[in-house]
Amino acid sequence: MGQYNQIAGQNLERLAALSDGIFAVAMTLLVIDLHAPASELIHNNAGLADALRDIIPQIIVFFMSFITLGIFWVGQQTQLNNLTSSDRDLTWLHLLFLVFVTLVPFSTDLMGSFIQYRLALLIYWGNILLLGAALFITWRYAVAKALVKPEMSAAVEAGIERRIIIAQSLYAFGAALCVFNTYYSLGFIVLVQLNYVFAPRVLGLNKL
Amino acid sequence: MGQYNQIAGQNLERLAALSDGIFAVAMTLLVIDLHAPASELIHNNAGLADALRDIIPQIIVFFMSFITLGIFWVGQQTQLNNLTSSDRDLTWLHLLFLVFVTLVPFSTDLMGSFIQYRLALLIYWGNILLLGAALFITWRYAVAKALVKPEMSAAVEAGIERRIIIAQSLYAFGAALCVFNTYYSLGFIVLVQLNYVFAPRVLGLNKL
Amino acid sequence: MGQYNQIAGQNLERLAALSDGIFAVAMTLLVIDLHAPASELIHNNAGLADALRDIIPQIIVFFMSFITLGIFWVGQQTQLNNLTSSDRDLTWLHLLFLVFVTLVPFSTDLMGSFIQYRLALLIYWGNILLLGAALFITWRYAVAKALVKPEMSAAVEAGIERRIIIAQSLYAFGAALCVFNTYYSLGFIVLVQLNYVFAPRVLGLNKL
Amino acid sequence: MGQYNQIAGQNLERLAALSDGIFAVAMTLLVIDLHAPASELIHNNAGLADALRDIIPQIIVFFMSFITLGIFWVGQQTQLNNLTSSDRDLTWLHLLFLVFVTLVPFSTDLMGSFIQYRLALLIYWGNILLLGAALFITWRYAVAKALVKPEMSAAVEAGIERRIIIAQSLYAFGAALCVFNTYYSLGFIVLVQLNYVFAPRVLGLNKL
């Protein structure tokens, strides 16, 4: 049985394939909650325009969640590209990360529907926090077990951890802004995300 | 025609790719039944909190099914990683396994909605049983047809089978607990699963 | 522009990856129409059992469609495994095949809901016919353009075509049985499919 | 941190895998809006035929969107096949392209439901325009950063750009026809798409 655990979950390629699949489905499912308005209520172009204007908050949350998933996909693939192999426990830690990925369409739906309520925002932020925590743990474990490619410098290793901690601190600060207003939180989180997408140029926060 | 059967279904990579795809979709679809509550019924944070408290059983069943799929994904990939090639019949046996994977979102939905009824629990357990049986058969077939990598020791081969049998015995015992109460069954099954995830450390059952 | 057409669509691996993805999603979406019964109508185990008995036809159609998709997945991958490369037109012919794959959940849903009406059965059969026709054309094209691996004998090449023609003749005969009763058609089609799954042993039709 | 950006997003294979996954899900989700008619309203073959006749516009839009996705999938894979590597920014530009891919099921649903309204058509066209613009930008960026395979001639490089510009001009012309009637637009767009699928033979527009 111990021998089973030694041969289980070693294949990095299949872990990457499962991860890409889950990200692909989650990213595409985000759009499922953007329904075309019910056609019997709409009688002209203006009616359609009004109905679409009503779902603008959902569309913004949709883009935000796509960016969230994009950031974490890049983060996970950067880790996986720099491993020499996996083991059973690391595979399960990545599955832990992936379960939080599959929850993003749910927390997005919640946020799009209840954008004015603090609880919806806190759940959304909680999802981002869990994604970040899981990705931090997978990396720490890989470093501790020497599963990381030997050519990777200690500076880069530390950089990956620092990056996660700074990003999560910014997200936590954004979430805390919901004490004042959930829209402040939302706006700040979007800014943090755009900084990570356009990182090396716009806000310069990535030099922190 | 016989020649067709000799060249059909040999490609392990594509079988792995299809499997990863089906697992990815099934894992992500689990969340589809976790709907945000209807927004017209909710007027403040407390209302949203109440509505979310109502879906806690579904959320627990969601996590349990994600773990179920994770366990069987690790189990299947461990098998596929240790094969030298496939043949037409082994491919169909894996498709049999995959059809039970696609049923997991359905049996999960049933279990989340009717957690108090024995029938829902028995169907859920039946799904796990069929997954285990299919995985047992694929392995037996691969060993019998000498499709397994030659460096694999007989001890590991036997270990894979024993592991499935012990796990299924534990699941069956858990299902039998529904004679008393379906929540006992649920709790026991969750414990068995957590043991397999954290296997080498927590309960020590994996030494059996 | 002509040069663009020479470099477009050459990558067999990505065509295989897209195909596996579409098959994986289609196979898993089949189950989407198997909903858990509405919980407010059900008050005990017997009520749940009754509700589940009502969806038995859908469950049978679900399994039949999974087998349909499995047969065509094996058929397509057998073709792709035996090609040296693709070109732009062959890629589009496979996309034609894949559009009929994505229609299977729709024709399955139709068949599960209207199993007693000839039209639903004819649409389902039409879907199988289009899948077979597309797969026949992709193969003919690949042979004509010499994209097939040179080690493949003419006998196997002809076998792939003959196999499709015989299968489609059997499906057409099954569909024609709906003149009497759609259930005869359904039963015959299931038998043909099982013959292809268990091909070399059960009915011996594969010697035809 | 700068070092993180140097190692992030380099893996072309995983970008291709994520892209194939997203295209596969989006292509298969298109069919989700083709529902079987409600069974309680239908009492015979003729009733079913009538109900299906009502969804013919949706079926046409479904095929059009599948072709749209097919054209852009071929376009993106042609680019990716001709790169030597990716970098962080190119990865994000492809994620920008992919977000527009995930929106296709939404704009398709809108178009199928409101085919007579100019706004639905303009949104659909806007989606195609954004797909084309994103693919143009990814290519320009890859050429500028010398990420393209060295054996690729300048003529082919320019051909890829010219192809996108001509296609988008034709789509824009088609969209402009909605000044007269949205069906003219739809018909023209379908013609442009068929030209690209059957490119080297039918309309000869690809010689432009």
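When the chains are written out, they are named A, B, C and D in that same order, and each has its own residue count from 1.
Basically, a contact is a pair of C-beta atoms (placed from the backbone, for glycine too) under 8 Å apart; a residue touches a chain by one contact, two chains touch by 3 or more.
What you see is a predicted model; the values in this text were computed from it and never measured.
Engineer: Degrees of rotation, nearest 5, to put the Cα trace of chain A on chain B?
Structural biologist: Fitting chain A to chain B on C-alpha atoms yields 90 degrees.
Engineer: More than half overlap in residue numbers between the two sides of the chain B-chain C interface, or less? Answer same or different.
Structural biologist: different
Engineer: Can you tell me which chain lies farthest from chain B, using the average of the Cα atoms as each chain's centre?
Structural biologist: Max centre-to-centre separation from chain B belongs to D.
Engineer: Just the number, please: Cα centre separation of chain A and chain D in whole Å.
Structural biologist: Roughly 25 Å separates the two chain centres.
Engineer: Counting in whole Å, what is the centre-to-centre distance of chain A and chain C, each centre being its mean C-alpha position?
Structural biologist: Taking the mean C-alpha position of each chain, the two centres sit 36 Å apart.
Engineer: Going through chain C residue by residue, note those that touch at least 2 other chains and give them in order.
Structural biologist: 17, 20-21, 24-25, 29
Engineer: Over in the complex, which chain B residues touch chain C? Could you list them?
Structural biologist: 1-5, 7-11, 14, 17-18, 20-22, 24-26, 29, 88, 91-92, 95, 98-99, 102-103, 105-106, 109-110, 112-114, 117-120, 123
Engineer: If you look only at chain B, which of its residues touch chain A in the complex?
Structural biologist: Within the complex, chain B contacts chain A at residues 16-17, 20-21, 23-25, 27-32, 34-36, 39, 42, 44-45, 48-49, 52, 63, 66, 70, 73-75, 77-78, 80-82, 153, 155-156, 159-160, 162-163, 197, 199-200, 206-208.
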